[in-house]
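In structure tokens below, several structures.
Shared chain: subunit A. Partners: subunit B in the first complex, subunit C in the second.
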Partner chain A sequence: MKELREHAKELLEKGEVSAVIGYSQVSEKRTKPIIVTDPQDTDQLVFNEYCLNNLAVYLTKARIKVSCRTKDKTLKLAVTAKPCDVHSVVALIQENQIHREDIHIISFNCHGVAKDFGFEFSGDNIASKCINCETHKPLYFDKIFGEEKETPKASDDAMERIQEIERMSHQERFEFFKNEFDKCIKCYACRAVCPLCYCQRCITDKTIPRWIESSSHMRGNFAWNIVRAFHLSGRCTGCGECERACPVDIPLSLLNRRMAIKAKKSFSYVSGRSLETPTLVGSFNEKDNDELFM
Partner chain B sequence: MDNQKWEPKIVAFVCNWCTYTGADLAGTSRMKYPANTKMIRVMCSGSVDPVFILKAFERGADGILVSGCHPNDCHYNAGNFHARRRWDFFHELLDFIGIEKGRLQFSWISASEGKKFADVVSKVTKDIKAMGPFTNYQKMNSEFTALFPEEANADSEIINQIKETVL
Partner chain C sequence: MDEKIILKDDLLRICGDVIDKGHILLCPVMNEYSIVKDFSRIKLDASALPAGTSFKCYVFPKTEPVLYYKRSKSDVQLIDVNIDRKNIVILGAKPCDANSLNIMKHLFNWDYSDEFFNLREKNFIIIGLMCSHYDEYCFCTSVDSSPVSEKGSDIFLIPVDENKFAMRIITEKGSEFISPYAEYLKTGDENISKQITENVKLPKVAFDSNEVYEWLGENFESPKWEGIGNLCLSCAKCAFVCPVCHCFDIVDEDYSYTEGRRMKNWDGCQFGNFTMHASGHNPRDIQSKRYRQRVNHKFRYYVDKFGEILCTGCGRCSRGCPVSIDIKEIVSNCKD
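For the complex of A and B:
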């Protein structure tokens, strides 16, 4: 923790970055995102098992907020990122939303985070993305802190649920998702919190014609949730923030994870793992599977 | 509804350069195929956004066909390659959510394949007939129209306005 604060202070004092995006402690089991621009504020920075937010979201659409705070247009930013958040940063670089040289990645050796604020970090309360996590060490970083620790063991409930849904008939699946999407209140928290949902103008905000009905009736809810999942398929890095942010607990990561499985199975592609490879849906291969087409 | 009298509504999004011309050939060659398909001509199979599909279901379609040029024949070189990857994901997503794979079908039909066009349309119509009306979605539609008549008619109002100004 001390090293992290010193490093952030040094970066700001030397003027290498104009802001450090990090976490600060709110209460014992709760943190919040913080944008530090003054070297004296760096002693608020923390890193622990309760740093849940994916701060990569502040690199694109919320970047305006950051630049307002710093009043600096030539913004080089330092971002505190867990190894899984680094995947989001990599995906953004792959999609040409940010440049690698504009971002200073401060990362950690991670052994998992709690599933939500207020839960004691343990095997029972570990976030589902951490259960089968393979990147305890970040793939890309400029500075790394923290010691390597063992991740608590837990069973992968989300995967079991996906398999359970796949065993259902189409009618049952439709009913299942109908019940889930019925809860949706169209608050678009899933969109706001997603680092890869960076469109300046979302298709659901377009009104002439209105592609996705804005009233929170089932029909519009269906269209919105399908479109959201589709726009993230092959891109989602699985940070699980959409599901955590959802006020009515729609299991959004079931859809995201199912599409990630598809990407891995059909194209052996995992999103946000390499800066060198092109994105999956932004590229094509002439030898792609043609079975779907008559 | 009496199943004997029920006829499916099928929407086909066809590409201007291949399938539409193929359909034209089927017509000029006087080939017979079921008349359930309403065709919408688009410039490329890659320009069909998945929201078009959802909108068609919302407007009461029982099945959808998307058709374009064969791989390597695209007028825009790579449109159908991009479409292929995208549809692969979308098809799988709809399947996972509970929309049968047969409701949304894809084909490559070139301008010279009038016969293939007739065959594909017959096959899709036969498949959709076997599956029956898309009651899952249509139930949502009728609920929606009953609850929000204004919003349900908003699009047709816009279309009428456009018609008035353009025509």
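For the complex of A and C:
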């Protein structure tokens, strides 16, 4: 923690970055995002198993970007990112939303984060994405802290559910999602927390014509949730923020993860892993598998 | 005050009768108020935290048609909607939820009397349950309420032991509701329930709402809003889970060229396009202005208009905010 704070302080003092986006402790088992601009405040920064948020979501926010621009140069933004959050940063760079040289990535050797705030981090309270995490070390970083530790063992219940849904008939599957989407209240928290839902104007907000009914009845909810799943296919990095934010507990990651599995199987593509490869949806290869065309 | 003692089993018998009569029974189950048919799901747990969502959707649904229309070349025909008039009995409402309808009622009867809200509200029986546990987000005691407040309840329950409740009959409506079940009610002893409520641990009063009111009046341009606005992600989760947030949007949905319906949908002041004008101008163009609106509406504008704070202190918005923005903390620390 001390090194993290000193590093952040130095970045701000030397004027290398305009802000450090990081975590601060709220209570023993809860943190919250914090945007530090004053070197004095860097002593609030923490990193631990309760750093659930994916802070990459802030990198595309106009107000924060504007604050980086000084009269004669653009300062960098420093972001505290778990190795999996780095995937989101990479995806944003791949999609030309930010430039690598504008971002200073502070990352960690990570052994997982809690599923819920307020409960002890353990095999019973570990975020589902951490169970099969393959990148406990960040793929890209400018500074790395923390020691390597063992990740608590837990069973991958979400994967079991995905397989269970795959075994269902079309009708059963439809019913399953109907029951889930029925709960949606269209608060759009899933969209708000998603680093890759950065569109200035989301298709669901367009009114002339209105493509997606804004009412949260079954048709409107299906349209919204399916469009979001499609728009994130091959792009979702699996951070799980949408599911964590959803106030009515819709298991959104079942959809997103299933789409990610499909992208990997069909195109050997995993989102946000490499700055050298073009994005899946943004590139065309005539040898691409075309089974998926509708 | 009329105070009785009722056994839990007898209370459940009353529930059975409520359902037999074709009424809807709502109880906090898991993380929401749900329609209950199976009594084993009724917990009546005074130590539970407020459910993830309140029961507002039963009086002010997330989406509902307000009229249907048919169009021909020369004419538009409007067709009224039948509003469901079922009686709804809420068993085990948290004190912070029980008072929500009283607060919202002002808005829905301000310049226009909203039939949809009023009809449903009239058919609600709220059986409140004392609250014996709070967390870091609860602040009912800072907004003129408390875990033992009877405000908004027609009948109020206080757990005496595992199988018994003290029952206070608060309103005329409550007394009418319970009168057919007189056989289940035993004479209570006010001193016992009083002793219980007096011993309930209360969340610390976090702020003085009058001071917050004053501060808001003087600090419309405070730099604090910018700081919060940069962190807030502009979803409407806080508004949609709030028991008293009541903004809605009216949209027309065409089925075809000749038919359609007009919908009333939840809306939230944190959305960027909430105040977007047709011209493209947006008076609340950045998030800091929107968050400022949220706090002002709750602690100042509503007070000016209706003499009540638009907040029951349930803490849902903060407990659920994806970026842990805590409204209690913000208003408590407004002066620092």
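Basically, the second predicted complex is superposed on the first by the 277 of 294 C-alpha atoms of A that agree within 3 Å, B and C clash if a C-alpha of one lies under 4 Å from a C-alpha of the other, contacts with A are read in each partner's own complex, and residues count from 1 in each chain.
Methods note: a contact is a pair of C-beta atoms (placed from the backbone, for glycine too) under 8 Å apart; a residue touches a chain by one contact, two chains touch by 3 or more.
Being a predicted model, the structure only gives us computed values, none of them experimental.
Contact with neither subunit B nor subunit C is seen for A:268 once the two complexes are overlaid on the shared chain. Touch counts on subunit A: comparing subunit C and subunit B, the chain ahead is B. In the superposed pair of complexes, A:248 makes contact with subunit C only, with no contact to subunit B.
In the superposition on chain A, contact of A:170 is made with subunit B only, not with subunit C. Using the contact criterion defined above for the overlaid structures, shared-chain residue A:27 touches subunit C, although it does not reach subunit B. By the touch criterion defined above, A:35 lies against subunit C but remains apart from subunit B after alignment on the C-alpha atoms of chain A.
By the touch criterion defined above, A:53 reaches subunit C but does not reach subunit B. Contacts of A:217 after superposition on the shared chain: both subunit B and subunit C are touched.
In the superposition on chain A, contact of A:186 is made with subunit C only, not with subunit B. Annotation: subunit A residues 210, 213-215, 217, 220 touch subunit B in one complex and subunit C in the other. Those residues of subunit A that touch subunit C in the complex are listed here as 26-27, 30-35, 53, 57-58, 61, 63-64, 117, 185-189, 191-193, 205, 210, 213-217, 220, 241, 244-245, 247-249.
Interface residues of subunit B facing subunit A in the complex, by the touch rule stated above, are 50-51, 54-55, 58, 71-72, 78, 81-82, 84-100, 105-108, 120, 123, 136, 140-141, 143-144, 147-148, 151, 154-155, 158. Note for the complex: subunit C touches subunit A at residues 31-32, 52-53, 57, 62-63, 136, 227, 229-231, 233-237, 239-241, 249, 251, 253, 263, 265-266, 268, 271, 273, 286-287, 320, 322-326.
Of all the residues in subunit A, the ones that touch subunit B in their complex are 165-166, 168, 170-178, 203, 208-215, 217-220, 222-223, 226-227, 229-230, 233-234, 255, 258-259, 262-263, 266-267, 280-281, 284-286, 288-290, 292-294.
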